[in-house]
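Letters A, B, C and D mark the chains as written, and numbering starts fresh at 1 in each.
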Amino acid sequence: MISPLSIIFWLLMMLMAPVLPGVINKTKAFFAGRQGPPVFQLYYDISKLLRKTSVYSETSTVVTRLAPLAILFSTLAAALLVPIAFRSAGLSFAGDIILLAYLLGIGRFFMVLAALDRGSAFEGMGAAREVLYSALAEPALFCGLLVLINETSQISLSGIYEKLTTEFWLENPATLLLIATSWMIILLVENARIPIDDPNTHLELTMIHEVMILDYSSKDLALIEFASAVKLAVFSSLLVGLVFSCQGMSVLVQLAVFVAGMLLVSIIIGAIESSIARMKLLHIPKFIVGSGALAIIALILKLSGN
Amino acid sequence: MTTAYALIIMPVITGIISLFISSERARRNLLVIVAFAHLFISIRLCSGSAGELNGVWLGLDQLGRMFLMITSLLFAGSAIYSTVYLDKHPHFNGPAIAGLRMPANSNAIFAACMQFFLAAMTLSILSMHFGLQWIGIEATTLASTPLIYYHRNKRSLEAAWKYMILCSVGIALALMGVFFLAMTTSSHVQQFTPAGLVLFAGYLKIEWLKVAFIFFLVGYGTKMGLAPMHNWLPDAHSESPSPVSAVLSGALLNCAFLGILRIYKVCAAVPEAASFASEMLIIFGLMSLAVSGIFILRQPDYKRMLAYSSVEHMGILALGVGLGGSAIAAAMLHAIGHSLAKASLFLLSGNILAVYASKKVEDIKGLLKTMPITGALWLTGFLAITGTPPFTTFNSEFAILRVAVQSRSWTVAVLYLLFLLLVFVGMLTSFMHMSLGKEGEKEVDGSAGESIWQVFTPAVFLCVALLLGVYLPDFIRDTINGAAFLLGGKAL
Amino acid sequence: MNSIAALLAITCLFLLGSSRLLVSIRMVAFQGVLLGIMPLLAAGSHHLGMGAFALCLTNIGLKSILLPWLLRTALFTSGTRREIEPFIGFGASIMSGVVLLAISGYIVKRLETTAQLSSSITLIAGFFMVFTGLFLLITRRKALTQTLGFLVLENGVFTTGLSLGSEFSVYVELGILLDVFVGIFLMGIMLFHIDKEFDHLDVDRFNELSDLTIDVSETEEVSE
Amino acid sequence: MQQYLIAIALITVGGILAPVIRKHRDVSNIVGAGSAIIGALLALLPVLKVLFSGADFPVLLLSLPLGEASLKLDAVSAFFALPVLVLLPVTALFSGAVSRQEKYGADGYWFFFNTLGAAMLLLLIAANGVVFLVAWEIMSVAAFFLITHRDEIATARSAGWKFLIASHIGTAALMLLFALLAASSGSLEFSQFAVAHFTTGMGSLAFFLALFGFGVKVGLLPLHVWMPDSYTYADAPVSALLSGAMSKMGFYGLLRVLMLLPAPAASWGWVLVIGGLLTGIFAMITALAQSDLKKVISYSSMENAGIILMAIGCSALAMSWKQPLIAGIAMVGALLHVLNHSVCKGLLFLGSGAVSWGLGTRKLELMGGLAKKMPFTAVCFAIASAAISGLPPFNNFVSEFIIFIAGLQTATIEDPAALLLAAIVLAGLALIGGLAVATFARTFGLVFLGASRHDKKQEINEITPLVRAPFIILMLLVGVLTVASPWLLKPIHAVALLIMKDHAGISATASPVEFLQQPIIMVVQFSLALLVLVIAGWQIRQRFFSEGDRSDRMTWDCGYAEPDARIQYTSSSFSQTIVDLFSAIIRPYKHGEKVSGLFPQHASFRTDAPDSFLRYLFIPLFGLVDRGLRPFRALQHGRLHLYICYVAITLLVLLIWKVVVL
């Protein structure tokens, strides 16, 4: 059932995932006219963190210790469900997208619990925002998915991506654009990027993701950082699979297109982060709901097209 | 036939005797003995072992059989209770009033009038002749007025006066109805009884029959407590001693209803008049339900609340008979269920009154804690009176609803449910306030209302109401169905 | 027969117009006499039995002697004012009486088409008396006048019965009479009690028992 | 069947006996709880037999006042008996075990407890309208007395008041429903209803009456107002039983009526789906704003009711579109979710009981850090929270996953309406699920994690070993329902087929069971493997890579040197962002002063969100009725003259209306 090739691809993507934040940072540096940290900076960070010892708050319980692993493993598991390089995913079955979303949900659940575990003044705040925004983002994700299901009559992720043809997108460019935009926004939301969140600041009251991991150090922090990178890779690969379609080409071409696509997504994120400022917190829900609205417009377009 | 006469005359005689007995104990015992003798004879009469009763004046059809049993049973229960009640309310043995006024001992009057009352009710049930029935019903008013005035205070006097005047006026109108009914017969009818008139159904003059029915309905309806003629009812029921309230509500109202049913039976035999009579009954039934709903909600006086609940149930009875078909049988069943539950509640209210000396709902808190048995029975009675399964009232209320829906009377069905709901909300609020919660600040000695004879009758009645809800013995079913057939209805 | 009916109607108008309680009581007593005689006339000579005479005597005895005496006693012992205090003035009462008479006439005219009546004027009188009785009950203030009103109402019902020619057995008639008598008697007794308890006979002030006082305080449904 | 009836009798007798011997407290408790437990176990055998063999037990005839009535145990009844048979013994065990501290066993607790259980069991085998109504009302009344069991507390009384009135309104609709069905079929027997002919309008009327009547019990949107209060102010085991078993009877009734009616119209399905969606969303956003632990859990019951209603609606719509596969999947999902929810909800309510007894309060604002003092309860609550939020690998995820699949499969139909349905189901479920994660993360976090906000001196005890038994049973059941879910599909699908009859047509392709089996096995295996991995990884991390770790430092509060418990994020502040977003719907009360000035002295913030529908719909409505009736009360003014006038006028009106005008 599980093809070796997809497992290899999965391993590859996991290994390459920390590159993506590096690319983003490089892009931002480019726009800012700076040199910027190296593309592989996250690898250095992780290896450095892994060598340190942890410090825990005295209020913390087992949840704090369990959470990083749960977050990482659930993210890795989610990645196993995503089609990589236009091939069938490691695991594929009817409704796997649901499991994917809920695996990410487990990670979020633990992240939030861990944030509440320390009894901090700030972490709870991040947790509150995190749960709200992701609760709003998930429906938007599924709305976009509906169009794809309706087009392909498939309900597994791999099945959908296999059936998505270039012709369809050529006939319905508007639909593609809408869904891609919608999913791009979801990507930004889920991965705590600007304009939702600012991954570079640590002490502002306006943060979401970073504030929740304030108390983590060393190995735990390394795991979480890695998990974040993988999460970004998962969403990026969803987006790449949506936009590009290389069915029936050779493995190498597919791989090349996929890697290029992933890098492109990172560059786009970098470009976005360089060009707009972080949004006011009050506007974020509207922004997310707006992304859902885009998907719904795509749905309506699809329907009227029939 | 002699048994029937005995049934009526015996209480009269013993009533007169008890006026002259000086021993309090003997008087009370006599009352109980008479009540049970009456019950015994009634059972014999109803089971048919005393021979069929089918005379010009007195007769016992299935309708009468049912109402006689209810009345006798209720009276026996109340008689047991009243012996204790008279003990618990010594302060009501007011000062002697000389001269033309009532005799010195109010308890003697009480015992005597109770027995006269029983005789009058029996007469009104057994009499087949319309005129005789009128006499019986008027006699019930007369016999019960002193009972209402038992407590000898302003409020009870006011209640008794209102009862007397309003019911007398109503019944005088019913007498007009009797005369008009006599007019409907062109040729000389052999017997001026329902059966006798039904024989000549084809010759009856419909116009006059309708006029007669209106007079009967308004006249006996006043006595029965149908809105908007019910105004005496809450006053009289709330001011009279509890055993009297129980009999008034559980038995007397039925007797008045029987008066209407007798002419309804005649109407039922004439198609045009039948639909007219049914319509009238439905309208008055719904009006009564509405009125009771309005007044039960936020009713501050629990005995008045029970009284309004009687108005409600009389409305249900009228509605059931008006709807016809198997709803008539259901109404008969409902009469049984209502009598048992209502009598129990009134008797229990006597227990509460004996302890708290207040009829205000707000004064009474935590009955379950101060008076555990009474409190539990009080809540059980609430369930029974609001038609909660498995009490028998649920079966009858549902059967009536079923007929309403079956005959596509949507408005009736919906209004019926709505008013029942209103009553339920009102009663629930009061009953909860009284039964649940902490005890009030006032120290009360609950044991004063908990002696065995004070809870015996309610407990038995409520058990019977419960049992009848799950199992209806054949003799009761036959009686109910027989009564329904008499009125042109169908079996349950 | 018709003349007695007319007399009855006139007594009613008198009752409506009279301001003195004693006069009213006498009027009612007079009505009782008239009513006693009436069945004798109505039955005609062919079946005048002992029963009818007995009935006539009882009627007169009860309604024109015993009950008025009882009411008078009540009036004197109570020591209340002898005037009737109506809600509607005497003049207006008489006018209403005329209207009621007209209504009775109209109803009887309607009914006549459906049945042969032995005497329509008696029926009119009967209806009029019923209406008058109700009118008195509704508009007069005192308990005593209410009793009188009830008596007039009863008399009206009787007259109606007579005019419709409905004949019951003597026992029934006697029973009805007995009921009425005991009823009035009880009312009389209660008049004494009312006088004793309240120091007045004003029924309009009889309104302790009502549901006007249902309080509007907050109940549990609002409490949170 | 006999065994089932004996079980009912045993439970009832135990209930009657227990208060009789209440002088001997322990004996009374053993009799009460023991009869419930043994009775439930006794009934379990025939139920499982029916469920797995598919054979109905023969009809039993009763002679009742309103005619013959039959009892029948079919697979649908048997399925819905499961929540009862699970929660009845578990809650009985719990009540019995804690009866030493609490006042269980006194004042007829066992009587009403066992009556409730017996009434539910009777309800399930009722194949006659009257028996159904009787059992239904006994159930409600028993529940009322259980809710008001602590009747010295005013809120409990008020909750009971609301419950009984709501329930009575529902019953009124049901009475009308059965009267309607009886009018169409001429009998009150279910078997007759099923073969009777209904016009379309009649069928729809019956369905909406049923939805109203049963909607009250399950907590359909505007009819839910009794629910949060009753579950909150009842004792924990009672709440568990009410939410886990009694409200499921509402679904049973709804599905039973669907079985009796002709093929569902599309409008029914839409109403169910939209109603379920609104119920779920409203419940969750209101739950987030609650500051009472049990209120949160209560609203979550409503949320799950919304999910189940959506699934049933989806199934009904698919039936009307003749899509057997989707109809089957959605129905299987709905049924499985019923079972899963009742187990999880039992665990949550019992856990809340343990917490509030340990702490003496239900206020979230006063909790925190309980995980250290009550580790067992914390583990139970954590598992239940994760499960109720629908996170894998727990059982609720499996059933939500099935409903999701129904939604996904609907999206493959080329029909705008189907796509709309899919959008509602998918987006709705996702939103509700997301909010559920938020709610339960918040709840668990605030109760068990962080620093304790309550009085430090207060001694908090973990529950005793005996009291742990019910928790362990329920946790085992969560595990069983998760692991065994692929094999449960078949019997549940048989139940679903019984409910749907052939309304959807015969499936041309795969049956729902075949369709679902593989994905579910995958999901369960995969997520269980993940669970094992995480735990193994954590152990490895703790054993081998924790050298030098220290856990004696203060929480990092951005440099603030003396963080204490008061500095923590509170329940009100946690939900503030979400509450603000939906404040138009939940309309929270906000208390507290704003921060002001250069050197702010004191500031506070607290929100409170009583149910909007109670506040803005039902209280005004009741007030309106009350005010509307007030003028009529002047009619009973006590003046005899006018009373006589009423009589005279009535007479005149009737005479003129009926005789003169005629």
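Quick note on the criterion: a residue touches a chain if its C-beta (ideal position, glycine included) is under 8 Å from a C-beta of that chain, and two chains touch if they have at least 3 such contacts.
Nothing here was measured: the structure is a model prediction, and the numbers come from that model.
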Most contacted chain pair (by C-beta pair count): A-D
Inter-centroid spacing, chain D versus chain B (mean Cα positions, whole Å): 44
Intercentroid distance (Cα basis), chain C paired with chain A, Å: 97
Rounded Å distance between chain A and chain B, as computed from the means of their C-alpha atoms: 78
Between chain D and chain A, distance of the C-alpha-averaged centres to the nearest whole Å: 35
Contacts with two or more other chains, residues of chain B listed in rising order: 161-162, 165, 169, 173, 207, 211, 234-235, 295, 298, 429, 432
Chain C, residues touching no fewer than two other chains: 134, 137, 146, 203, 206, 208-209, 211, 214, 216, 220-221
Per-residue multi-chain contacts in chain A, two or more chains: none
Chains touching one another, given as label pairs in label order: A-D, B-C, B-D, C-D
Contact set on chain D toward chain A in their complex: 368-369, 371-372, 386, 389-392, 397, 401, 404-405, 408-409, 411-412, 414, 416, 419, 422-423, 426-428, 430-431, 433-435, 437-438, 441-442, 444-446, 448-451, 515-516, 518-519, 522-523, 526-527, 530, 533-534, 537-538, 541-542, 545-558, 560, 563, 565, 567-569, 573-578, 581
In the complex with chain D, residue positions of chain A that touch it: 53-63, 65-66, 69-70, 73-74, 77, 91, 93-99, 101-103, 105-106, 108-109, 112-113, 115-125, 127-129, 131-132, 134-143, 145-146, 149-150, 153-155, 203, 214-215, 219, 281, 285, 292, 296, 299, 302-303, 306
Partner chain B, residues of chain D touching it in the complex: 63-67, 107, 130, 133-134, 137-138, 141, 148, 151-152, 154, 157, 160-161, 164-165, 168-169, 172, 175-176, 178-180, 182-183, 625-626, 629, 632-633, 635-636, 638, 640, 643-644, 646-647, 650-651, 654-655, 658-659
Complex contacts: residues of chain C adjacent to chain B: 73, 111, 114-115, 130, 133-134, 137, 143, 146, 150, 153-154, 157, 160-161, 164, 166-169, 172, 175-176, 178-180, 182-183, 186-190, 192-194, 196-198, 203, 206, 208-209, 211, 213-216, 219-221
Residues of chain B that touch chain C when the two form their complex: 97, 100-102, 129, 131-132, 134-135, 138-139, 141-142, 145-146, 149, 153-155, 157-162, 164-165, 168-169, 172-173, 175-176, 178-180, 182-183, 192, 205, 207-208, 211, 234-235, 238-239, 295, 298-300, 304, 429, 432-433
